[in-house]
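The block underneath contains the structure these notes are about, expressed in structure tokens.
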Amino acid sequence: MRMKQADFDGPEPGMRTGRIEALSDGVFAIAMTLLVLDLALPGAGETVGLREFLGGQVDRFFNYALSFLLLAVFWVRHHQQFHFIKRTDAGHLWINIFFLMFVALLPFSTSLLGDYPDEALAEAFFGGNILMLGLLLTLSWAYATRRYRLVDRGLDPRHIALPRERGMLTIIVAASAIAVAFVNPDISSYLYLLILVLQIALARRHRRPRGKPDSDSGAIDVPRSGAS
Amino acid sequence: MRMKQADFDGPEPGMRTGRIEALSDGVFAIAMTLLVLDLALPGAGETVGLREFLGGQVDRFFNYALSFLLLAVFWVRHHQQFHFIKRTDAGHLWINIFFLMFVALLPFSTSLLGDYPDEALAEAFFGGNILMLGLLLTLSWAYATRRYRLVDRGLDPRHIALPRERGMLTIIVAASAIAVAFVNPDISSYLYLLILVLQIALARRHRRPRGKPDSDSGAIDVPRSGAS
Amino acid sequence: MRMKQADFDGPEPGMRTGRIEALSDGVFAIAMTLLVLDLALPGAGETVGLREFLGGQVDRFFNYALSFLLLAVFWVRHHQQFHFIKRTDAGHLWINIFFLMFVALLPFSTSLLGDYPDEALAEAFFGGNILMLGLLLTLSWAYATRRYRLVDRGLDPRHIALPRERGMLTIIVAASAIAVAFVNPDISSYLYLLILVLQIALARRHRRPRGKPDSDSGAIDVPRSGAS
Amino acid sequence: MRMKQADFDGPEPGMRTGRIEALSDGVFAIAMTLLVLDLALPGAGETVGLREFLGGQVDRFFNYALSFLLLAVFWVRHHQQFHFIKRTDAGHLWINIFFLMFVALLPFSTSLLGDYPDEALAEAFFGGNILMLGLLLTLSWAYATRRYRLVDRGLDPRHIALPRERGMLTIIVAASAIAVAFVNPDISSYLYLLILVLQIALARRHRRPRGKPDSDSGAIDVPRSGAS
């Protein structure tokens, strides 16, 4: 039966990468959708006019979009890792569970930004959450690729390097944003836009080498369905 | 392994259409279910009688059903697009993530309708949310089908035209509803019933040509499982 | 590609039964988990002692378990239908979307039971929700099996009859509970325990004929994986 | 069609283990993400400073991480069981639904810990929830493996013993934590860290025998995809 295979690769019998991906998709989808609860604030009073209410929510809308898109970036990277990861083990499993714990925490960190605008501590807390996401995702990749532990031996070194580079950049951006928060909290959250921009810029840079065929690239190319 | 194939079609290695669909199903299911939180208002006071409470909720029940069914329409259309889309790339991926951002926002827009009934601005905000959903879904399709970027070259032009037509109609209805909101907010939300009706009407119109076999249709017919 | 097949069976190109099941699993899982939000009431005041608080929640715990198990019954039945349903069309799709709308509504109906205990109207509202679930699921099955519209022509009549019987019993129980609510709201919700009991009783009755092999049963038996 | 096979193994036609896993993944992902709602408390007042607010939340952060990781442990074990379970029946189905009912309840039990710190009853309620999870998961495994009811006849006795051992240890830890709660509520929740530690310790113990090939182990080894 299809879903019962390839399960004895680690010390946790029965855990497959596919199931971690399923739980991750669920946690990501829910965390991304729960961000909206942060916007639904009037309720009790309802005495405030709609125009004033929406005007006072501009920062929250920005935070909503920022957190949603940052979670999307981490979701994309998480799946990119699992594209190359062929098996799992207890260490890898638990790194990923800790990673998901900080995915699920982001709606709370985002609500702090909205409840305590312009406070260094709120910005630093949010930055710490992004930092942990970057650290754990980078750790997950380092763990999986060290001595080809969970990936194919023939994996192109460039495919190993790209997620590492991106992870490092995320960590640097988040650490900088935390430091900046204590100087000028207003501009701290704008720094994360860098992660969004770099995600696209690095995708383009990564794309180019594939245009011109080179020897080692062809050797590791994952077979396409129907073409292999 | 089945889930590891067909992934090198875009600049984002490892992103497959199947994973975007999984995240989308999650976000749609959660957004549709979170709409109900909008109805659960008494709580604190609880001094209001149930009959009066439910009587005052009639508009919210209408809004709940309207938003639920509109999300269902967008979910159906989203899947119809992905039926023909054979691969993805970074542009397509991010158009879809922005689309999901507005899916997740709809429970908030719906709650504005309930908290600020008969206010033009609340109706316009809701209309803007529907408008963005229509625009992004139409953009996603235009991006995917332009020069057959992400679809098969042999795809029937009628299959390309139908989602475009529906998208245009949604955009026109939402733009009209926003305009009407500033004249008469009471009737603005009833306009969206048009989207529900047109969804069914266009489905029927689209169905008829398949009854009589014609040459170009047969050429692109997707093989059925077991029958091909 | 596996997920792109068998899609041209209805007027909605691209809609497959598998995707309706995925959305349904999501809505069911979320609605079942959102029921717990109904229990988390103290919050603001927090002045009430825990013993008194939990003592006052006994009815809510009963409601939580009742609604959770009723949703589980409907989830089981929904999947049993889809086991035999081989294709979908626009009518079937929208009956199911309306069904899911009432699945997502149940946490609200359950919260009414908790906020307005012993009120006939709250019990009747909850009963109406269950009634709609029973009606729509029965309608879905009648629509799918009428002239074997969406099922195999060789389907055993007993397999068609069982979901219909269960649907009818659910409708009768819910209608009775609504009527009883206006006489004695206290006992109204206990009637739903009948649905839980009947679910198991009918499963056993249905099982017995399969013990002794009979001719028409063998004719429709779905091939087991690996055994066919 | 892949998803329509192997369904006649129990008295509930149409229920497959894959569908129970899908619902379970959903309920687990949602329960794990809803835990964060417990942290989002200020809202109404907002007069409390952020430093004081976060300082007062330290216990809640610990509870959040504890409940998240405990749910992860139960999710891992649940999947490990389903790796060996080849079919389902009505008894197994309903044991699992009751198990999921207590999964969905955990965010509530965790919120009690936060709202009523240092209260024996809150600790005991939380312990009761963990106890029920341990009991029902152990019952599920005992039911499935008794006379090889739902597993392959050739299943290695060690694979049957491991989940039972872990289940027993969970039950003992939870029962001890409940007893300790009435003596010293402060240390009660720290006992659950044992479950986390034991999960890893037992994984390692289980791993070792696979290093040296032995006869009976090879006999039951599940074929890996591509290697079989």
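The first chain written gets the first letter, and so on, giving A, B, C and D; residue counts start at 1 in each chain.
FYI, contacts are C-beta pairs under 8 Å (C-beta built on N, C-alpha and C of every residue); 3 or more make two chains touch, one makes a residue touch a chain.
This one's a predicted model, so the numbers in the text were calculated from it and none came from an experiment.
Visitor: Using direct touches as single steps, what is the fewest number of steps from chain A over to chain D?
Guide: 1
Visitor: After a C-alpha superposition of chain B on chain C, what does the rotation angle come to, in degrees rounded to the nearest 5?
Guide: Result for this pair is 90 degrees.
Visitor: Which is it for copies chain A and chain B: same residues on both faces, with over half shared, or different residues?
Guide: Under half shared, hence different.
Visitor: Looking at C-alpha means, what's the farthest chain from chain A?
Guide: C
Visitor: Would you mind pulling out the distance in Å between where the CA atoms of chain C average out and where those of chain D do?
Guide: The answer is 25 Å.
Visitor: Which integer distance in Å separates the CA centroid of chain B from that of chain D?
Guide: Chain centres of chain B and chain D, defined by C-alpha means, are spaced 36 Å apart.
Visitor: Of all the residues in chain B, which ones touch at least 2 other chains?
Guide: Counting only residues that touch two or more other chains, chain B contributes 1-2, 6, 22, 25-26, 29-30, 34, 37, 44, 225-226.
Visitor: Could you please specify the touching residues of chain C with respect to chain B in the complex?
Guide: On the chain C side, the touching residues are 1-9, 11-15, 19, 22-23, 26-27, 29-31, 34, 37, 41, 44, 90, 93-94, 97, 100-101, 104-105, 107-108, 111-112, 115-116, 119, 121-122, 125.
Visitor: In their complex, what parts of chain B are in touch with chain C?
Guide: For this pair, the touching residues of chain B are 2, 6, 18, 21-22, 25-26, 28-30, 32-37, 39-40, 42-44, 46, 50-51, 54, 64-65, 68-69, 72, 75-76, 79-84, 86, 159, 200, 203-204, 206-207, 210, 221-226.
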